[in-house]
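Shared between the two complexes below is chain A, which pairs with chain B and chain C, respectively.
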Partner chain A sequence: MLSLILIILTATFFTGIIIRTKSIASGRKGPGIFQPVKDVIRLFKKGTVYSETSSFVFRIAPTIYFSSVFVAMLVVPFGQSKGIISFNGDFIFFAYVLGLGKFFSIIGAMDTGSSFEGMGASREALYSMFAEPAFFILMGSLGLLTGYTSFQEIFSALHLGSPISYALAVLAAFVFLMIAMIENSRMPIDDPKTHLELTMVHEVMILDNSGFDLGLILTAGFLKFAIYGTIIFNLFSGTIAYEYAIPMFFAMQLFLAFAVGMIESFMARFRMNQNAQFIVVLSSVSLLIFFGALLISGKFI
Partner chain B sequence: MNYISIKNNQTILLSDIPESNYEWFYDKNIDLVSGHPERHCVNYFGYKSGNNIKLICCIADDSTHEILISTCLVNKAHDLESFTNKLLCFEKFEREIHENFGINYIDHPWLKPVRYANNRFDKSQVIANYPFYSIDSEELHEVGVGPIHAGIIEPGHFRFICNGEQILHLEIQLGYQHRGIEQLFIKKKKLLQRATLAESIAGDTAVGHSVTFAHVWESLCNFQTSRDIEFSRTLALELERIAIHVGDLSGVCTDVAYQLGSSVFGRLRTPIINFLQEWGGNRLTKGLIRPGRNQFPFTSALAERLKQVLDIFEPEFNEMVEKLFSLPSALSRFERTGVVSNADALSIGAVGMAARMTNLNRDIRSSHPFSFYPDLNHQPILKRHGDVYSRVQIRREEVEQSISYIRKLISKIEPFIVQEEILKTPKPNSFCLSLVEGWRGEICHCALTDKNGELMFYKIKDPSFHNWLALALSVRNNEISDFPICNKSFNLSYSGHDL
Partner chain C sequence: MIELINLSWILALLGALTIYFVPANKKATLATIAVVGNSLVTSWLAILALTGQIVSFTFNGGGIMGDVIIRVDELSAWFILIINFTCITGVFYGSGYLKAYENSSKKLSLHWILYVLFQLSMVWVCMIQNGFVFLIAWEIMSLSSMMLVIFDAHNPKTLKAGINYLVQMHISVVFLTIGFIWVYFQTGSFSLDAFTTYFGSNSNIWLFLVFFIGFGLKAGFIPLHSWLPHAHPAAPSHVSGVMSGVIVKLGIYGIFRVASYLKSDYLILGEIIITISILSGLYGILNAAVHRDFKKMLAYCTIENIGIIGVGIGIGLIGLGNNVPILYYLGFGGALLHVLNHSLFKSLLFYSAGSVYQQTHTRNMEKLGGLIKSMPRTAVLFLIGAVAIGGMPPFNGFISEFLIYSGLIKGIQLQDMTQIILMILTLAGMSVIGGLSILTFTKTFGTIFLGNQRQTLAHKPHEVSSLMLIPQYVIVAVMLSVAVIPQFYLQIIGNILSGLTKSIVIPQPVEFVGYISIMQSISLYSVLLIGTIAFFWGIRALALRGKPQVVGATWGCGYTAGTSKIQYTAKSFSKSLSKTFNFIVIERKQYEELQVGEIFPKEKKYTSHYHDFFEFRLIHVVTNRLIYSANYFKFIQNGRIQSYVLYGVIFIIAVFILTIFNIVL
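== the complex of A and B ==
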């Protein structure tokens, strides 16, 4: 329950902070921190326009996408407090419920019949496909290390270890952060600000969405960032008491948003063909964590 | 001798241009250009002469600083052999002649409409059913972009044939911006109207085109242009070059999502165009250049002000380019992206920056110097690789070069001379050709007068006319996601092409 509230709270300001950081870094004043949320509220009040060529798939896709993110959010714990849903193997459920949402967002984009959206969908599918092994090798190693198979148990057991388990947590944090960047189509994989359809990944898939549907997709994006932020925090929180853990959580989310804003201000995005390579690197970092886990648990002869 | 050689901005009688039959005309012009990288076709056009079409071909020779003009009378009932079959650089010119007059070329490989001119020969051809090159394949797919541009600049349609993310072929179809400017030049009788028209041929090259028009007009009227007028023009051309190049650097940074470069270069453009407003009352240089007059004399107070502007601009510009050129993520996007080889640039007759990036020395400032460029002893900046990086580097170095030229020019201001002489009417039955190096490349205007000294035909050629094909070639085998950066690094004009 606690995690649900914290994720929703974080989602309200996370994207706003990224945009504000970028504005200030480029010498502009920038919009208020809650502007993205206000934009979404405005979108929710609007009607939706559907292309004549699209079918029911295009209409249900945004709702399924949003619900999948919402359900995934329910699984995420916060420190000792369980998520609303928690069971053995819930991290697999987490990954595939998000996968289901992504599948619908991809076929929704294909349904429009636009060549741009087809390109975006193919890129998104490719990147998610490469990101998946990284997530599973990572979660599997953490499961191996702790001996549990649910998010909450893995995370609460994780802090009880040698300094090497903290080293693993730092690597894991890096992998999760990068997965979050890929999932949310941020730099250096994708440029959320661009107006050029040919270079877009996620943005081009939602070109045809408008009004309420677009609002849902954007809200799901805010939530996704907060979900990954919470998972990263969980790697370190362990059994810290709530009165310290909650302020630390917000401080960390602010820092993450700020860091994303800085990265996006001071570097160019990758060439499209280097993205796949970059994402595969995440899997190899996950493999490192796997060997680390084998070493610690003494299963590695 | 079946051609006449003239200098840049020289007026000759139409009857002085030797006329030959098409076989001679064909052989001679092909002979002049093929195997001579220093020669290229600056303009080739036709106009109605009675029931026949008169073709005029202008070949510029960069080593002798001359322009070789030849002419030929053809009847549109006869099919002609095309120059293009031998030399690709005539491709667009012949398509234009075909479109306007219905002359049929028997062996032209790509005889498609150019811009759907209002006075085209075959009105049944409309922009909606342009004959695109298409493929019939299960593996390849087509992507159509435009005519509405994502960045809301100008309309143009791009049709890609891709294998996955890789571009195999790009066809660019333009013509949406056609306004019939060449006809308007004849229709509008007042000089002011014509000068205003010249400014709006391509909005980003207002100085370039209006200087070219002014040169044509002054030459036709046999007007002795005073030093102070030419001084202002040279200065305006270089300021325009700085402003646009800096703006383009900003655009290139935006396209690789480098926010710092995008906003800093965007800001650096402002002091330059603001200075142009202080000088001529308009940030986009409208009204600054007029034939036969020095509209806004460049005073020493303005020189002092410009010096201040540049003193602040230069270190900031240098700091930003150093950052950009040492940023690995940006360089990895620029290098080896959108390559045009020297051989390709030569064969399609690329001009200006698009030629210089492949080590092809085409710069009117040094090859057919005008205004103050003989005094400045201009040395063109050449790069070898022909990729986005070369184009960005040329912009950087040309900005630095322009700053040094401006500093040199304003250290010795030409005093304003009150014009005693007024513009007379143009010489009758004459032909005049003027070449100017705008920031994008060579601009060529040709004017023909009738027996009363009235403008009979006006021909405009923007550098984009040649260079759009270079863009189409540059993206081959690149990723489709690199198209925007290739496009921006060329920054070609839609309206300059469509006229």
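== the complex of A and C ==
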């Protein structure tokens, strides 16, 4: 329950801070950090425009996408406090519920019969497919390290190990951050600010969405960032008492948002055909974590 | 209860006989009666077995066969129920699907008689506990399904696919025969129970591998899968649905049956099976992702799912080898549940794809598009099947995949490093399969049903008849029942598994009960997911009330003269994937380059198609060599009667001389 509140709170400022950081880094003053949320609220009040090609799939897809992110959010724990949904192997549920949302956002894009939106849909499907093994190997290794199989138990047992387990946590944080960037279609995989349809990934998929539906998709994006931010915090939190953990959490989220903003300011997007290779690298980093976990648990002969 | 066993074959044979004599429009009805009758009888036996009353009877089959035991135990019962359900939906759907053929009475008689025999033989394969009689039933099953595949026998491609299937099934029978004879020579009995004796005193691995190849050919593990992508597209859709739904599962049944007698070598066999299976899964889904013939796509997807089932079997065997009962329950349990789930959603997908084929007469998805407007019910059914087969909640695919995933995660906690590495790589492979199936099915659904019509069709497609839709609704209902009350199915599976292994008794571990309650809560969370969707949908409806809703053209990047041809195609959707994996999915293109000095270019043709790696690089190479060397012996078969008489004379003389010199006795 605690994690739910914290994630929703984080979601309100995370994207705003990224945008503010980018503005300041490029010498502009930039909008306030709550501007993205205000934009979404404005969208919620608007009417909609539909393509004449589209069917009910296009209308329901954003709702299902948002609901899947919402349910996935309920799985994420915060330190010692469990998520609302918690059971052995809940991270599989987490990944597959997000998969359901992705499925519908892809077919929603294809429903418009556009030549661009299919392109974005195809890329989104491909990149998230490549990112899957990194997540699963990582969670599997953490399971091997701790002997547990649910998010909350894994994270609360993680700190008990040796200092090496903190080193592994840093690597794991890197992998999670990159997965978050892929899932949210940010740099270096995708540039949300690009103005050419041919080079977009996520933005091109939602070209035809408007009004309430667009608002839902954007909100889901904010939540996704906060979800992964919380997971990264969980890697380090262990059994820290709440009065310290909650301020630390917000400090870390601010830092993460700042880091994402800096990455986006000073890095160019990868060439489209190198994205796949880059994402596969994440799986190798996960494998590295796996071998580290094997070493620590003494099963490496 | 023995009367029931006899009633089964009497009903089916009587039905098959009378189908021949009734007029063409009554044949389907009669086949339905025969199939349903036989199903009721055998399902009754199966339910008895599942409630603890195992029916068994023995008759003497003479000198070679020995005592033939017909027994319906829990494992048979599970498969019999799956076979019966799929065959019943198949016969209803098929009656609607073949309505157009009512003027060709002979074709229909043959088809429906064979369909009844097909179901009878499949059910009996599960009941017979004697190797010799098993092979006879197995052979009837293969032959009848082959004849069902070549319904369109005037089409040379269909005939070729049928012959391919026939040949491969007989290679499978060769392996099975070798296996049974091997046991017969060691133990003197064809009875399956003799396996206990054999495995007790001999090496387990080789005999099991012989059976694994034999049954694996039926199931479609790589590299033994190459009949599937040919046979499934060629067959009429209800037959493909039943074949993919159950006939490949009988290969799995065989593997389960033989595995239940194993006594040692669990670990090495588990490792072999898990490796082959995860590779089958990856290979199957990768090919499914690139193919544009939607029935071929579904056939490759079957290979993928067989891979997932195989991973479950592998985990179970590793669990047996390490003496970890929970792995045995999670692995075998996940495999058994996935057998049920796959038979449900795959038949649903084949039926709805068949409806598309019936209305449009093309299997090429690039020619379709926008069918959701003319066939909304079929579209929704296909969508449900697609989400379920991707293993996504809130449907049943997630339940069985979750069990197998849990097995893998439990397996990571084992002690041996090789096994841990195998488990984590399989886990990664399973996640790739999950991601690729999203890509595959968004591509298929998006291209066939969404967007605009890509080509004008000869007939305007309409929604299919309710005779074809109702079986699909029933399948969806059963799928939802697995998703909502998984504990019911898991308890049955728990009972099957506690009595499965013959050499050791593995009591249900407490942990498994824990997993059943996890499943229960997952079904709750699935309902929660649906509730969340409904909630936000309601909020959306409230928010949109009174707001302007405009309908306009799709954003065309400022270009206003777009046609339906500029839509993103299925080929381009999977192009980046096929480029990344071009060493496995081999693409062949045929086109003419623009010549230098060709001022007025002629109309050009461009074709591209994908080859099956194993067929192209392995099977064709071997068969081409065989044909090449066989060419040298062509002179023997020269068509002159004189030479044939001469061969006879030479043979007789040879036998005569050889006996004189005591070389042959």
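In the analysis below, the second predicted complex is superposed on the first by the 301 of 301 C-alpha atoms of A that agree within 3 Å, B and C clash if a C-alpha of one lies under 4 Å from a C-alpha of the other, contacts with A are read in each partner's own complex, and residues count from 1 in each chain.
We adopt the following convention: a residue touches a chain if its C-beta (ideal position, glycine included) is under 8 Å from a C-beta of that chain, and two chains touch if they have at least 3 such contacts.
Note that this is a predicted model, so its numbers are computed, not measured.
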item: Chain A residues touched - chain C or chain B, whichever exceeds; value: C
item: Touched partner set for A:Glu197, first chain B, second chain C, both or neither; value: both
item: Chain B versus chain C as contact partner of A:Arg186, first or second or both or neither; value: neither
item: Touched partner set for A:Glu264, first chain B, second chain C, both or neither; value: first
item: Partner chain in contact with A:Arg20 - chain B first, chain C second, else both or neither; value: neither
item: Partner chain in contact with A:Met119 - chain B first, chain C second, else both or neither; value: both
item: Which superposed partner A:Lys224 touches (first chain B, second chain C, both, neither); value: neither
item: First, second, both or neither for A:Lys82, with chain B first and chain C second; value: neither
item: Shared contact residues on chain A - chain B and chain C; value: 115-116, 118-119, 122-123, 197, 273
item: Complex contacts: residues of chain A adjacent to chain C; value: 44-55, 57, 60, 63-64, 66-68, 70-71, 85, 87-89, 92-93, 95-97, 99-100, 102-103, 106-107, 110-119, 121-123, 125-126, 128-133, 135-137, 140-141, 143-144, 147, 149, 197, 207-208, 211-213, 216, 273, 276, 283, 290, 294, 299-301
item: Chain C - residues contacting chain A, complex; value: 369-370, 372-373, 376, 383, 386-387, 390-393, 398, 401-402, 405-406, 408-410, 412-413, 415-417, 420, 423-424, 427-432, 434-436, 438-439, 441-443, 445-447, 450-452, 514-515, 518, 521-522, 525, 528-529, 532-533, 535-537, 540, 543-544, 547-557, 562, 564, 566-569, 572-577, 580
item: Interfacial residue positions of chain B with respect to chain A in the complex; value: 141-145, 150-151, 164-165, 253-260, 262-264, 267, 327, 329-330, 332-333, 337, 479-484
item: Sites on chain A touched by chain B in the complex; value: 22, 25-28, 115-116, 118-119, 122-123, 187-188, 191, 193-199, 264-274
